[in-house]
Amino acid sequence: MSHVIIPEDALCVADYERLAKEVLPHAIYEYVYGGGADEMTLRGNRESLDAIKILPRMLNDVRHGSTHTQVLGQTWRTPMMLAPVAFQKMAHEQGEIATAQAASALEIGMMVSTLASVEMEAISEQLNSPKWFQLYWQVDRDFNLSLIKRAEKAGYQAIVLTVDSAIHGIRNRAQRAKFALPEGVSAVNLKDRPELPRQAFTPDQSIVFQGMMSEAPNWNDVAWLIEQTELPVIIKGILHPADARKAQELGAQGVIVSNHGGRTLDCVPSAIDMVAAVREAVGSEFCVLLDGAIQRGTDVFKAIALGADAVLIGRPQFYALAVAGAAGVAHMLRILREEFEVAMALAGVAYVKDITRSSLL
Amino acid sequence: MSHVIIPEDALCVADYERLAKEVLPHAIYEYVYGGGADEMTLRGNRESLDAIKILPRMLNDVRHGSTHTQVLGQTWRTPMMLAPVAFQKMAHEQGEIATAQAASALEIGMMVSTLASVEMEAISEQLNSPKWFQLYWQVDRDFNLSLIKRAEKAGYQAIVLTVDSAIHGIRNRAQRAKFALPEGVSAVNLKDRPELPRQAFTPDQSIVFQGMMSEAPNWNDVAWLIEQTELPVIIKGILHPADARKAQELGAQGVIVSNHGGRTLDCVPSAIDMVAAVREAVGSEFCVLLDGAIQRGTDVFKAIALGADAVLIGRPQFYALAVAGAAGVAHMLRILREEFEVAMALAGVAYVKDITRSSLL
Amino acid sequence: MSHVIIPEDALCVADYERLAKEVLPHAIYEYVYGGGADEMTLRGNRESLDAIKILPRMLNDVRHGSTHTQVLGQTWRTPMMLAPVAFQKMAHEQGEIATAQAASALEIGMMVSTLASVEMEAISEQLNSPKWFQLYWQVDRDFNLSLIKRAEKAGYQAIVLTVDSAIHGIRNRAQRAKFALPEGVSAVNLKDRPELPRQAFTPDQSIVFQGMMSEAPNWNDVAWLIEQTELPVIIKGILHPADARKAQELGAQGVIVSNHGGRTLDCVPSAIDMVAAVREAVGSEFCVLLDGAIQRGTDVFKAIALGADAVLIGRPQFYALAVAGAAGVAHMLRILREEFEVAMALAGVAYVKDITRSSLL
Amino acid sequence: MSHVIIPEDALCVADYERLAKEVLPHAIYEYVYGGGADEMTLRGNRESLDAIKILPRMLNDVRHGSTHTQVLGQTWRTPMMLAPVAFQKMAHEQGEIATAQAASALEIGMMVSTLASVEMEAISEQLNSPKWFQLYWQVDRDFNLSLIKRAEKAGYQAIVLTVDSAIHGIRNRAQRAKFALPEGVSAVNLKDRPELPRQAFTPDQSIVFQGMMSEAPNWNDVAWLIEQTELPVIIKGILHPADARKAQELGAQGVIVSNHGGRTLDCVPSAIDMVAAVREAVGSEFCVLLDGAIQRGTDVFKAIALGADAVLIGRPQFYALAVAGAAGVAHMLRILREEFEVAMALAGVAYVKDITRSSLL
């Protein structure tokens, strides 16, 4: 890795997408880049952000400005975190280890996926910034418990339960590219998972409802999960304000407004178009994060102006990792942080808390 | 047929369109694909669906979910039916026979066109799912009667009167491709049709009004038709809510909101943009179906959310038939059914009756 | 001319534009096709029409239908007329003579331009349908008078004063193509025009205001004109409802809502977007015509639904003339008439007076 | 210079952009043409203007019309001025000297940039039309003072303080083209600027907030500046109406509604979309100018109709200078003036003060 250098035409986050396309095997790139079905949600994520306009104030004194912010009672250097992105060894031989190093260097937090290609304990060791464990619900309650206990022991500070992808969606692009996990990359954190008995279906049953969805978590499972751990539980994949409210009432500590990067159900709203209503539903104190197509400092600014406490960065971490390893991820995050500072400064805002609805047109 | 296999890149309904373009003679493809005039209605059908957003709910328990639904007092496995599509021998030597076999296999109903290229009795024999006969009005009332009586005798369960295409519209694309019915394909169900006396026009008369439109059905004909049969009569090709109401008052059992796939008058609204108003006009109990550009499970979901009881699938059946015969049609329908189940599951809806306006943004 | 035949791919009005591009000298095509400046008005004319949707009624009895309509107390076979289009010898050696023959054959009226390339008397002889003379205001009042008297004598039934093009606008496309009148083509009807003294400008004066606009007509000239003739005077080039009202108050018999096909001031509204407000301003009895991008029977239908009594056809006459002479123009007009009949029939409307706002979505 | 001639295909302002692209070194063209980040603001400037429609009045008598107008108590021949554009020697060896000659010839004013590549005194000598000095705030207050005093002495009639570009923004296009100031081109007016002590940052500090923004002007600096000079002070780079109001209250004589041609913060509103609100905030007497994508006479008309007193022309001066020196700039300005006169005449407006909101749709 020591020889990888940052390409000189990596000037913005989107550059990493373009460069990754060149270095990654086609099927992997297509899998990561793609969304569900006709990718309308995927495109919509970007279009919704683009449609929002920042209304800047001039001549404010912002020389004491800072991007520090409070999330779940912790102080973050920047209102950004790495989204859980599975199987990072597909991007780079060191996988999540390299990503964790970059996150630490930039003081930016990381959500480690259930489907990480490296043991969560090993990742945690490299991570000095906020570290959260993302849980994909497992049919076997005990096995969920064992994952949570491992996460607690490894020092993770929150549990993120992802709820929007009980089914993977209709990923035609990945299918077309014949994507399959490359050899040597696997869900190592699930290697002790008890095997499920093979299901039989009557002709009248559906493999969707009676099959896959019988393994999906529901609100009872959320309540149970919250009881099992002292760690804050965050629900990832909320779009409807009423669902955010329900999570809050059940004792969750936060929600992540997200459509999973357009990868599950197609034709759903952009997170950025729902975040204001979600914030309204849960009040100003509840933790609300957001992800989906965040690629510019101005995107971060817009998300916060509409009610998010912070944003997650998904695909760009994978692309930067593929292009230039830990250095790439760190560089990508630094670009984003600086762009965000520039956005604040040129909009005339000194502190994250001052980025509000009235900062937009 | 035994050698035709499903192409491995047939992953979604639109793939069948692409693949059919490769196997079909140009003129036939253009005829089937095309719409009227500038094809604004054709494109509009797709664009209107694309503009609708589903607002999903998370963590609902849908493990008892099912797509079964009630249409005209019958239970359907899925809220989908094959639209009447004429002359299917142009797609495949077995024509409507193959389509009927596929429909039966998937437990999806079929509307058999007056212009089927196979005798309606032979088709009916292959069809174990809902079977409806689609009537193109014939100038000679007696001949209409003979068609209806044949349909009744052959076991058809409803009569669908198509009312939006007294004139074919201005089909420039088909004209450009010099489309003509291929040899060996004809409207075999009309072979006993009495010949019409050739009309003469005064200079002041119009071949449109005094010619073609003098052969078109009107509301009196609808009333007459309803009297002639015990079968429910469904009016196909309604866009205006007041027309739906009128059909209901005259004793029709349902309407199909449709612009004939953009093939007749150009510049009319998409069915999906009218269906909510139609539903409002006729109340919740009346049968309202819809067609036009249904290509994804999410399209089916949207149509139902806006008030349709079920949707019809038009061109895709022809494309799939051309590509892979009965197996192709069955595969295409299975894709659509599974996508619809996935849409329901990921939207958090267990039953068709729970797909409502509030399932949309 | 006897050998020119209708190309078999001339199926709709737009086909004539495409075909004319092939046969016309580049500079002439560009001149005719083009609009002012960035051609936003030109494109807007089309886009505005495209955005309007017809809401058809089914099962009406229209077998007595007809396109006959009343304009200025005359009965027209179809609510269409040929717009004044200058210098038609650029399209065809017979110029306006051929156009007039075609118009007569189709019983469609023609507005003959001041800038016709054939004497107005000769054109009139060929014209059995409504014939109106279009006047471009001449600085010399007496010369206007002599033109009007010639028109009266030649049998023209109305005077159309064009008021939107005192200045030609910024015609960059025509300039780029280095358009100039070809040899042998000239404004023969103006050959007796008294020469104007050459103007001198002080440095502080503007060739626009103190030059060109000093030759433009104003409301006083309109009043004067109306006094000079028994013929009805129609004002062409109105967009603002208040101007239509003013014309009406001064005694004009009608207005033509038009932006001159996007050829004068760019960035103005489409005629179709203003016609409803104009109709509202002048009441239901006043003659309101409209032009701009009318290319389909559905366009005619939309214009009438929004308040026009009839529409004018501009460029298509020139294109059809270039492609196939009188036969081409006749064919083009027949296409348009038939498309209009089809639009009425499929929309469920029997008479022109029944095409109203409620025929649209 | 004597041999440069106006290219015959330079017919409108945009032509100069196209032609400049051919003659300028790639990096310079990209630098000048480009905007911040994804250039959404850059494109938005054009799109916002395009979306506005002029509603013309016909038959008004405008033969006494004129484009003269009052700005800051002076009479301008046309409501246009040259925007401050830095380093014009990159376009042409004579740089701002040639531009000033052209401006004088057309009686159009010029704002001379702090970053002019020619001494402000030399430029002033060539300039007989309104001359304003544009100030980029300097950390050292005394140095600001010395610049203002030079400007006063050199005959400049107003001071324009640019406030929207404390940071240059994220200029990815220029970075990609590896833009750097060519040899021989420099900010000659700043050659006596005292060197700043190099700053050191703690790890927790930000080079944006604690670095660059510590050199930016704030409202206190504006107040100070106004006290230092008898000349009117104009604030350039305002978008928010409240900022315009604040500038007015502090004693500024005017504001320039501008987003710096999309070159600083991306995703901000177009000036044309904010100017009406700014005008409303400051009342009818305060000087409000506007820039951004003004390329057509109709653009000037629209800006004035929405509340601007006059507009600035930025990039086109640079392009015209590159293409044909002083003659090019003069030609470009003449085109714009004539187009503006044509727009007024065809819209039926005789005087600049009569261009109002009601001149638009």
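For reference, chains read A, B, C and D in written order, and residue numbers begin at 1 within each chain.
As a working rule, a residue touches a chain if its C-beta (ideal position, glycine included) is under 8 Å from a C-beta of that chain, and two chains touch if they have at least 3 such contacts.
Please read these numbers as outputs of a predicted model, since none were measured by experiment.
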Farthest chain relative to chain B (centres taken as mean CA coordinates): D
Rotation, 0 to 180 degrees and nearest 5, that superposes chain B on copy chain C via CA atoms: 90
Same or different residue numbers at the chain A/chain B copy interface, by half rule: different
Chain C and chain D: spacing of chain centres that average the CA atoms, whole Å: 43
Chain centre separation in whole Å, for chain D relative to chain B (CA means): 60
Chain C residues counted as touching two or more neighbouring chains: none
Chains grouped in pairs wherever the two touch, ordered by label: A-B, A-D, B-C, C-D
Residue ranges of chain B touching chain A (in the complex, touch as defined): 9, 11-12, 50, 52-67, 296-298, 302, 338-339, 341-347, 350, 361
Residues on chain B engaged by chain C in the complex (per definition of touch): 37-38, 40, 163-164, 166-167, 169-170, 172, 175-176, 206-210, 212-214, 216-222, 235, 237-240, 242-243, 246, 264-269, 273
